[in-house]
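First chain written, first letter: the chains are A, B, C and D, and each begins at residue 1.
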Amino acid sequence: VGARAIAHGLAKPSGLVTCLPELSPLPLIGFDQLVFGGWDVSSAGLLHRARDMATDDRALGAGLVAAVEDDLRAIDLRIRPGFARGGGPATQSLASRAVRRRRETLEAAAQRLGDDLDRFREEQRLSNVVVVNLASTEPVIALGPEHASIDSFRRLIHNDRVTQVAPSTLYAYAALDRGYPYVNFTPSAGVSLPALQELGHKNQVPFYGKDGKTGETLMKTVLAPLFRYRNLEVLSWEGFNILGGGDGRVLADPNHKQSKLRSKSGVLQSALGYNPHTGVSIEYVPSLGNWKTAWDYVHFRGFLGTKMSVQFIWQGCDSILAAPLALDLIRLTEYAARINESGPMRHLACFFKDPMDVKIQSFTEQFSLLLDYVDTHARRVPR
Amino acid sequence: VGARAIAHGLAKPSGLVTCLPELSPLPLIGFDQLVFGGWDVSSAGLLHRARDMATDDRALGAGLVAAVEDDLRAIDLRIRPGFARGGGPATQSLASRAVRRRRETLEAAAQRLGDDLDRFREEQRLSNVVVVNLASTEPVIALGPEHASIDSFRRLIHNDRVTQVAPSTLYAYAALDRGYPYVNFTPSAGVSLPALQELGHKNQVPFYGKDGKTGETLMKTVLAPLFRYRNLEVLSWEGFNILGGGDGRVLADPNHKQSKLRSKSGVLQSALGYNPHTGVSIEYVPSLGNWKTAWDYVHFRGFLGTKMSVQFIWQGCDSILAAPLALDLIRLTEYAARINESGPMRHLACFFKDPMDVKIQSFTEQFSLLLDYVDTHARRVPR
Amino acid sequence: VGARAIAHGLAKPSGLVTCLPELSPLPLIGFDQLVFGGWDVSSAGLLHRARDMATDDRALGAGLVAAVEDDLRAIDLRIRPGFARGGGPATQSLASRAVRRRRETLEAAAQRLGDDLDRFREEQRLSNVVVVNLASTEPVIALGPEHASIDSFRRLIHNDRVTQVAPSTLYAYAALDRGYPYVNFTPSAGVSLPALQELGHKNQVPFYGKDGKTGETLMKTVLAPLFRYRNLEVLSWEGFNILGGGDGRVLADPNHKQSKLRSKSGVLQSALGYNPHTGVSIEYVPSLGNWKTAWDYVHFRGFLGTKMSVQFIWQGCDSILAAPLALDLIRLTEYAARINESGPMRHLACFFKDPMDVKIQSFTEQFSLLLDYVDTHARRVPR
Amino acid sequence: VGARAIAHGLAKPSGLVTCLPELSPLPLIGFDQLVFGGWDVSSAGLLHRARDMATDDRALGAGLVAAVEDDLRAIDLRIRPGFARGGGPATQSLASRAVRRRRETLEAAAQRLGDDLDRFREEQRLSNVVVVNLASTEPVIALGPEHASIDSFRRLIHNDRVTQVAPSTLYAYAALDRGYPYVNFTPSAGVSLPALQELGHKNQVPFYGKDGKTGETLMKTVLAPLFRYRNLEVLSWEGFNILGGGDGRVLADPNHKQSKLRSKSGVLQSALGYNPHTGVSIEYVPSLGNWKTAWDYVHFRGFLGTKMSVQFIWQGCDSILAAPLALDLIRLTEYAARINESGPMRHLACFFKDPMDVKIQSFTEQFSLLLDYVDTHARRVPR
């Protein structure tokens, strides 16, 4: 909705990092040049979901959805059945009957997904295709030596080891194998497997992840430096998240929740330099729909041992927070690919809860990495 | 209490910026080498106040106060009567009868305060004296051309123009005139007058201010970059502060409150690059004592115009937050003076709500100025 | 919108007290039998405002407004110009040019408003007309002996004493003088003048007020008994309200705000039995539109003097909270008039911040008065 | 500490329901006539704990503890070893080695506890002994037919069925068997077994429970009527509790937590008349000590389906909240026993989360039961 609304001049670029003046030196692709397609395990379709967001969640203007209705219908025609085997019980429950019934091997699926990408590129006459994982969070899979090299990972696919090849890793494989850049906006495994990074390097494509930083964790990485630089010891940092919607329903399943909690919990250790008592909980509250409320209680020790606290309450609409960042990542990844960069895009750390190959967790310091990238390229690249 | 407790090894350096590992390259003065004195318009004394903080506010351990009782008594003997003329109605009401009755001209007072400083230095055999303004907030004074040069400011003193020479400026004058470094931890005018900066430059002493950043405003300068760097438009930022204690009582007076609100309100414009709708209110709630609670509501616009919010609740003990910063400023100012630096100490911007000569309002970026200073001096100064 | 939506079967009776099972014994008028008319100083019209609430505030479904569009247009035709003289600066600024330019005496206005009521009753063939004041809050007027009897109040009207006859009192006069029941949902004076109560008694019509209890104050009267019945001393109760919309704009004016703060501040004394330190502030925050956020901090002393606190954050849409109560009051007042009751309707205390002739402030105890009324009438009145 | 401080005139009766003017008609026992004794599985002692509460939690004045030090020492001498078998892993971990090592059968323990009570009564020359369970929460035990009658329960004791006889039920048995009144302030089973109620009735002693209502649940039963009587549908009510201390440590164990969550979760159904989506979580946060913070988010649907919310943050000291209620219950139970009342004391419902034989959950309506009791007895009993 947003990309098409901006392309039509119907919406302002609020929430888009790539539209900040600081990023204007980069010749990023225009919103009107982007063509959307994808896979979905559900058969609901974008238009249906957009209307729900307008009517039930009051998170979008109903008029705006109506204005891009034709665009959404066109995109819905380009959305192909997703792959859900091994994606966990909650994902299965969201999947259409057709997707659930399909008995496709991992090898067949990898082939099909790759072919979908090639066909999409050809049919739409695209210079490149960027794959972004925006699917529901999968359960954690145990990593073993067979995830360490692309050769052994290919054997897992060949032998249809469905408990060792999560869907997110199969999509990532399909993209990277055909030479398409890949970004993982979710806490699922995706390109975090060494095997897939090897593949990305080999095929010289850019990739990155994982877990888009949109709300509570963003707040954490913004606030933590206050305690760090004022020498205030954080004793406890307890976070409680409540949300509804499809995302909430999936995360209500303990198997799926585990992945999310892992990527959320790592940030404090890095940002503070020690591990305070900490807890993060996520509860499914259907009435909230797409709106998430997070309450965080931070207990800290000040001068002479006196304990004090700060609490925050974050009330945001998850899709509205995530969508512009996904567009930012598409634009920045397309640019990196266009100028033949490859490997992990460390300058994108500020977008992620668990940024690949970057230890810095302070948000403003992560943002400096992006500014440095702009500086370097502003000088290098003719516009 | 804190400085003596640390000197005796009875307290850890929580809350002290100068005790962060990042600052260890600077050969700062030890806590056991600091000698305290000062002026007070009230006759209550440090020991009395410390006991109140332990008993009424439960902000200090009663045992800790008892352990430094002798030290506090010794300091109380070195505290001399303050100067309150022109300090506003609320300050007058805190002053002892002796201070209120004294009919001292500005010129006599300036002389007396300067002599006090010289005598303190001699009697205690000190290598230097750093003056820090920690007095109650004064009403705003209207600045005019007579505050623009030290010559005309001296005429104001000579002509006893009490409505144009606030006490904080007289203390600053006394310090700088005798060559002692001066730091203004309050929102009062202090060294912000061009006349006094001229004097500081002329006498080659370091100075800085104003208004120590301890709570709600600290949070603002930490959080604002989140909105700035995510391109989320802040629509409104409303802050409500409640506090008791002497500080609360003084700020309950509208004349005094004005100074505080001014230094609090400037930060968003600089940090965001535009002026959202904003309000800051301070209410006196006696039952809170030294504890301040601030509730801030930040309303912001995200992608496609959807409005979201974040609220925070800060619960801190004002003196406990301010005291270590005052000690940090004493140590860093003493160091600057020792190595013959002079003028505004811009590297101290991260300590202040309204930092002199520094436009940066993002807390982490201000902290970088301090780190840069450490880097430069670590290489230059033999330890 | 709501009354018509319910009449058409398009909405459920959420938020309507009169639709509780406890009230079913009373044979109240059906929503489809209500006919709406009124006066407005603005010329915007209901349809325009309803669309704004759907689009800007996302407080109503756009589809619902569209479904009752014809009904709203019909009502808009029955809305006549209001009377704004003496209504305070903020009300003037909301008024249409026609209303502002009209130079109508109080006597002429009283005549006109009364005639409007009679004509409305005749044209719509109504069995009765209930007048409810839902206009913006007026400034406080000083009450004097001339407000004590209906004769002297009539002289004020006759002599065109515009500073002593607030619009709300003129509307109340017009209604009661023609024998129509009157309810004051606002903090303006309305029927609180002894003179007008005398008129109501004389003409044997029911009346009541004032200031509908919808949000923060409702919470206060619900929470206060916790402290009262647990013997926990409330030390301070500080409330901060932020809201936008027309109501917010009017209350931003200190003259108008005063009326509101008065009716808000009285409740604690009655509910607790003593007066804690208390403050209520209301700030205009345009971005919030019709949504109001209230933060209340309650500081209380428990066993052995230990201080504790409870805070609440109320986020409600003012019109959505008020509208069903206004409909409840219309239905209950129509019923009272139908069975020939007159005078102050004390059983409606639970709807008001400052209920006439009722000292009870505990919400659940006030609700018992309504239940008692239902009990008494269920037995008396054949259905 | 509190009872002795009041007896010595060192503290005011804040937080004591029995000291409200409404209860003055009852001739309750004076604080100076109460003698304290008890059992403890830990060997720490009251004095030690009181000092901790003063120093670590700053929940008591250090001076107050010092003033009653002798009294606490005397009580500590009267505290005898508790019984912990079957009390769950967390209780075991708090127990002293002596208690853990003791291999006492249920029958021997019942005998010992009963003898302790008789000896206490004789040695202290008491007119009666009231037993109040204030021990850590036990895991849930599955109730079966053998808990239905006192005969079969006695067989469980005789056969040493430790998995079916929780310590709280053994203490209750010992008390009721010897004819001493019993009150259960915890969520453990206690007198809730039909077998034990049969015993209480048979021996004509008063008893009641369970789970003292001190914080979050108290707020729930105060707030729920707002939604009920305004016809606002509660969609979700989510509560998050964080606390430290011994109680927090025990509740961190999932076995123990279950009992607590059960008694907390029942109240909404009764108070609202339907079951909203609801969750209650309790997390152990050691740094909080005896202080508990609860955040509750209530999502409700208003007029025309518009969703709104209210949140509250409760910050209280658990022992300080519970202690006066325990004293109230002792005084009211002693009174009931003195005037030969027996069976469940329904008039005490307002003190409990899960009040025996009372369906009313609205706090103010529960309080009316107590007022009715006072009214009845004020007339009956000569003072």
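For the reader, a short list of remarks on this structure follows.
The working rule: a contact is a pair of C-beta atoms (placed from the backbone, for glycine too) under 8 Å apart; a residue touches a chain by one contact, two chains touch by 3 or more.
Source: prediction; values computed, not measured.
Steps from chain A to chain C, minimised over paths through touching chains, total 1.
Two chain pairs, B-D and A-B, are weighed by contacting C-beta pairs, with A-B ahead.
Think of it this way: of A-C, C-D or B-C, only one pair shares over half of the A-D contact pairs by residue number, and it is B-C.
Distance between chain A and chain B, defined via averaged C-alpha coordinates, is recorded as 44 Å.
The distance from the centre of chain B to the centre of chain D, each centre being the mean of the chain's C-alpha atoms, comes to 49 Å. Within chain C, residues 61, 301, 311, 313 each touch two or more of the remaining chains. Of all residues in chain A, those touching chain D in their complex are 235-236, 238, 240, 242, 277, 279, 281, 283, 285-288, 293, 295, 297, 299, 301, 307, 311, 313.
Note for the complex: chain B touches chain D at residues 55, 58, 61-63, 313. Contact residues on chain C toward chain D in their complex (touch as defined above): 1-2, 5, 11-17, 19-20, 59-61, 64, 218-219, 222-223, 225-226, 229-233, 301-306, 308-317, 320-321, 323-324, 350, 362-365, 367.
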